[in-house]
């Protein structure tokens, strides 16, 4: 049975206590998008400023649990300044890491495979994600996956709305 | 008449032992349960799975962080995937919606798809052999929206008449049909109807309440858009029905009932609906029932559906032969003459003894058959009767059951002559 | 802290033995189940009654002549009468409608009464503390019919504000309120609201999902027109909800869903609805679940509801005292300060630890509490939070459970400080 | 456990095999009313001719089981020629005999009392009902009560529609 230390890594608690890129950007020129976690009532607000095909700035507002807040903070640090295709790729990678069941988990868990062999996270290049790797343990707590992916899904939706691919 | 072992593709005697209710006696006689088309009995494995869940795991699903809530959620969602796979759903985690019974599933389609897409003057096509569950929701909508309902007729052999199919579905927005008649046993060529319907631009709603328990069923092979069925006829518990819907269509639909679970957000000025399939599941779902359903699916998979089907063909063949031998022209068996064209359901008339009276006499022999309109009154009118007596089979029935049925019928005929 | 025997009006230790799930361990610790407001555990007598029915009696109800079908029908209808009497229904055989959960019961009222009586511009009054189940059905109808929704506000003590009640209900057609908040525990003066509503000519819909399991409940004393609740929060099974409706009103309503059971006749050109209560019950009902519900009612009647209520007051008093002693200003307990004004539900905030994280840590100690919006987002906004942690009691909880909760909360606070 | 002989008395089988007052009356002047038993699909058609406050003629059509047919036949013989108040009283008496649960039995049985002491039929004056007493045993077969009362309810409804009290 996974222990709490798998979930609450030190780096996660650090980003939770001292979140990076907090706040909102002025809209316009920035784009503002909200995300909800129906499970716990958390709301996240992501402000994006895309300039010349790159994510020139990003800010995070809203409230949430340690996992959703630290994931958002880690995300903001990871994507800020990157080109849109790079950001898209990182989103894919991150969601791959959280995957297996995420798609079926608006508020729960989708398959009988959690807890047996199929639960192994997708093979991902751990070096490519840096600090984000700290969130890997979340996948062992299926109910919390939505917390970790909330900000990422919100970001992806924001890029969609902007027509940025 | 002796049991002929060779006619069964699996070991009926062993199957029977799995069903606790079959140990019951009625009026001092062993029960002969021939009403599985109304509701089936459940194997011990289903009852055990539900009991085990209730004793060790129960918590409300989808919202709890704690261990048993997570386990309950996992088991509940696992049932969704299991039953979806069982009927060949391409994307079971998203395409399977749980409701309380088959009837609610069909109402769900009428409320969500129907209210979105049907407008005054639009045409719905149904068959004359539909169960009320696939008629009344459409009649209610037709009354509200001034729709026209057309009917695919049934011929004297209990088969749908397709001579004018193209003309019937022409201009239709929706075609609803049963995959297997609960009265006649008729197995309908769903794929053929679906193809014609789709060519005409209609969506296709299949009532598979009788098909899923008795025939290998594949929603993709049906080529349908919605397929509804229920657990309590497929060796599972009461209180849970299953709707499969094509993912793109489900995605496009508004919610059905309102409440918890089906929302992402509620504000004083409105709400944001949840993703599929939860969008259609307002309130606490039938959790223990989903666990029982998964166990029922596992049990049927253990038997294998082709074997279940073969067993029912064999038993139906035996029963039709025996009843005809015994009662000659005194018995009318409704529906297709060839057992291969029908599921394990035999509706009949015996002389002019009323089905109600037949059933009453049969009960003295422990024999359970249904008497009535079987929730298919338009079909009854087509057959020119108010009611039929109906014997229907589950995987636990054997030839000895049929023998007792024939004996008891003999007595009924004598009693009223 | 030791158990104080004197605070319980009945023998909690004996009650605990009746609930198999309490024998479970989580992370090596005995389970401390504090989420009964989401779904309660079930005593062995309920599970036994369902199992016994499934093993000896199961058949579809209402249509069969044979013995077990008649027995099943009798047991099913007996459950209707039993649960109706339990909540003081004057005419339980006609006034109790079974649905799949509380949520569906409220939707049923919105679809049948609402669609018949509400027209553009009409006003509905709800309270700010409603569960989504008593909000979203009305929002859906409001969107369809251009209705106005007004809100009875909640004060800082979690009580409804009645200063402007006359003005709020003036001109309203319907008033919906919860008898007991699932978040704050607040017990609302339903009779007072119903009287004002009736004076204004409005019908009154009471969400009693939390009240029935925890308080002696009498629909006549409420003076309401509809009262909805569900089995799975009152020691009964999932899959069945109960709606009481005043007989004259039910008689006047159209059907809800369409299908078998709710009709007297179906012709190709339309149908004739059945009498009440069956008119509102399309398809095979939750039969095993009704049997479990009757057993749950019998169990609660054995404990007696006043004793259940006293036990919860005692436990809430103990818990509020202990948590305040232990955490001082670091803990915020939402809702009425006096335990006598509330049911056994304690929503709280602990420092700035997110409820989700609290629940996660508590799980390590076997403690099950809910974290989230509890399907009451408008109330969450009123409280100025996204989520709360919530401990809620059943008759099987004791002071030792509260002690473990306090210990575990201490650890959670340390972990995140 | 009640036996079949409680249900199928000889007089019942006789009325079933040779029903009295079969047919329909011309409408108008007669009034025609249909009744359904949702349980078994039976339909009954009662034609009434009320003249000078009395049931001058009655005919029964439709199909049904032995119980519903014989009950309708017995009813027609019992009410024909009687004054409307007398007919009303007989309906009450008959429904009393079938009662206890009839009200809750459109398609089943309404109370837990069937099978225990409460099931005793209402005290009725057996002499007042003559041959109808043969139907007494039906009350032991709750599902069949609706069969026996179908024609009576239909008759009562017909009188209601005619405004005859």
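Just so it is clear, A, B, C and D label the chains in written order, and each chain counts residues from 1 on its own.
We adopt the following convention: a residue touches a chain if its C-beta (ideal position, glycine included) is under 8 Å from a C-beta of that chain, and two chains touch if they have at least 3 such contacts.
Since this is a predicted model, take the numbers as computed values, not measurements.
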What's the overlap between the neighbours of subunit B and those of subunit C?
-> A, D
Most remote chain w.r.t. Subunit C, using mean C-alpha positions, is D
Indicate the whole-number Å distance between the mean C-alpha point of subunit A and the mean C-alpha point of subunit D.
-> 72
Mean-CA-position distance for subunit B and subunit A (Å) = 43
Just how far, in Å, is the C-alpha centre of subunit C from the one of subunit A?
-> 35
Which residues of subunit B are in contact with two or more other chains?
-> 27, 63-65, 69, 261, 263, 265, 356, 360, 371-372, 377
Touching two or more other chains - residues of subunit D = 39, 141, 144
Mind pulling up the subunit C residues that touch subunit D in the complex?
-> 61-65, 69-70, 73-74, 76-78, 80-82, 93-94, 261, 263-265, 272, 274-275, 278
Over in the complex, which subunit B residues touch subunit D? Could you list them?
-> 27, 354-357, 360-361, 364, 371-373, 377, 380, 386-387, 415-416
Write out the stretch or stretches of subunit A touching subunit C in their complex.
-> 1, 4, 7-8, 13, 39-43, 63-67, 69, 141, 144, 147
Mind listing the subunit D positions that touch subunit C in their complex?
-> 36, 38-39, 103-104, 106-112, 114-115, 141-144
Can you list the residues on subunit C that touch subunit B in the complex?
-> 20-21, 24, 26-27, 31, 35, 38-39, 41-42, 47, 51, 54-60, 63-69, 99-104, 106-107, 110, 128, 131-133, 135-140, 143, 149, 151, 230, 232, 237-241, 255, 257-263, 265-268, 270-271, 282-289, 356, 359-360, 362-363, 367-372, 375, 377-378, 381
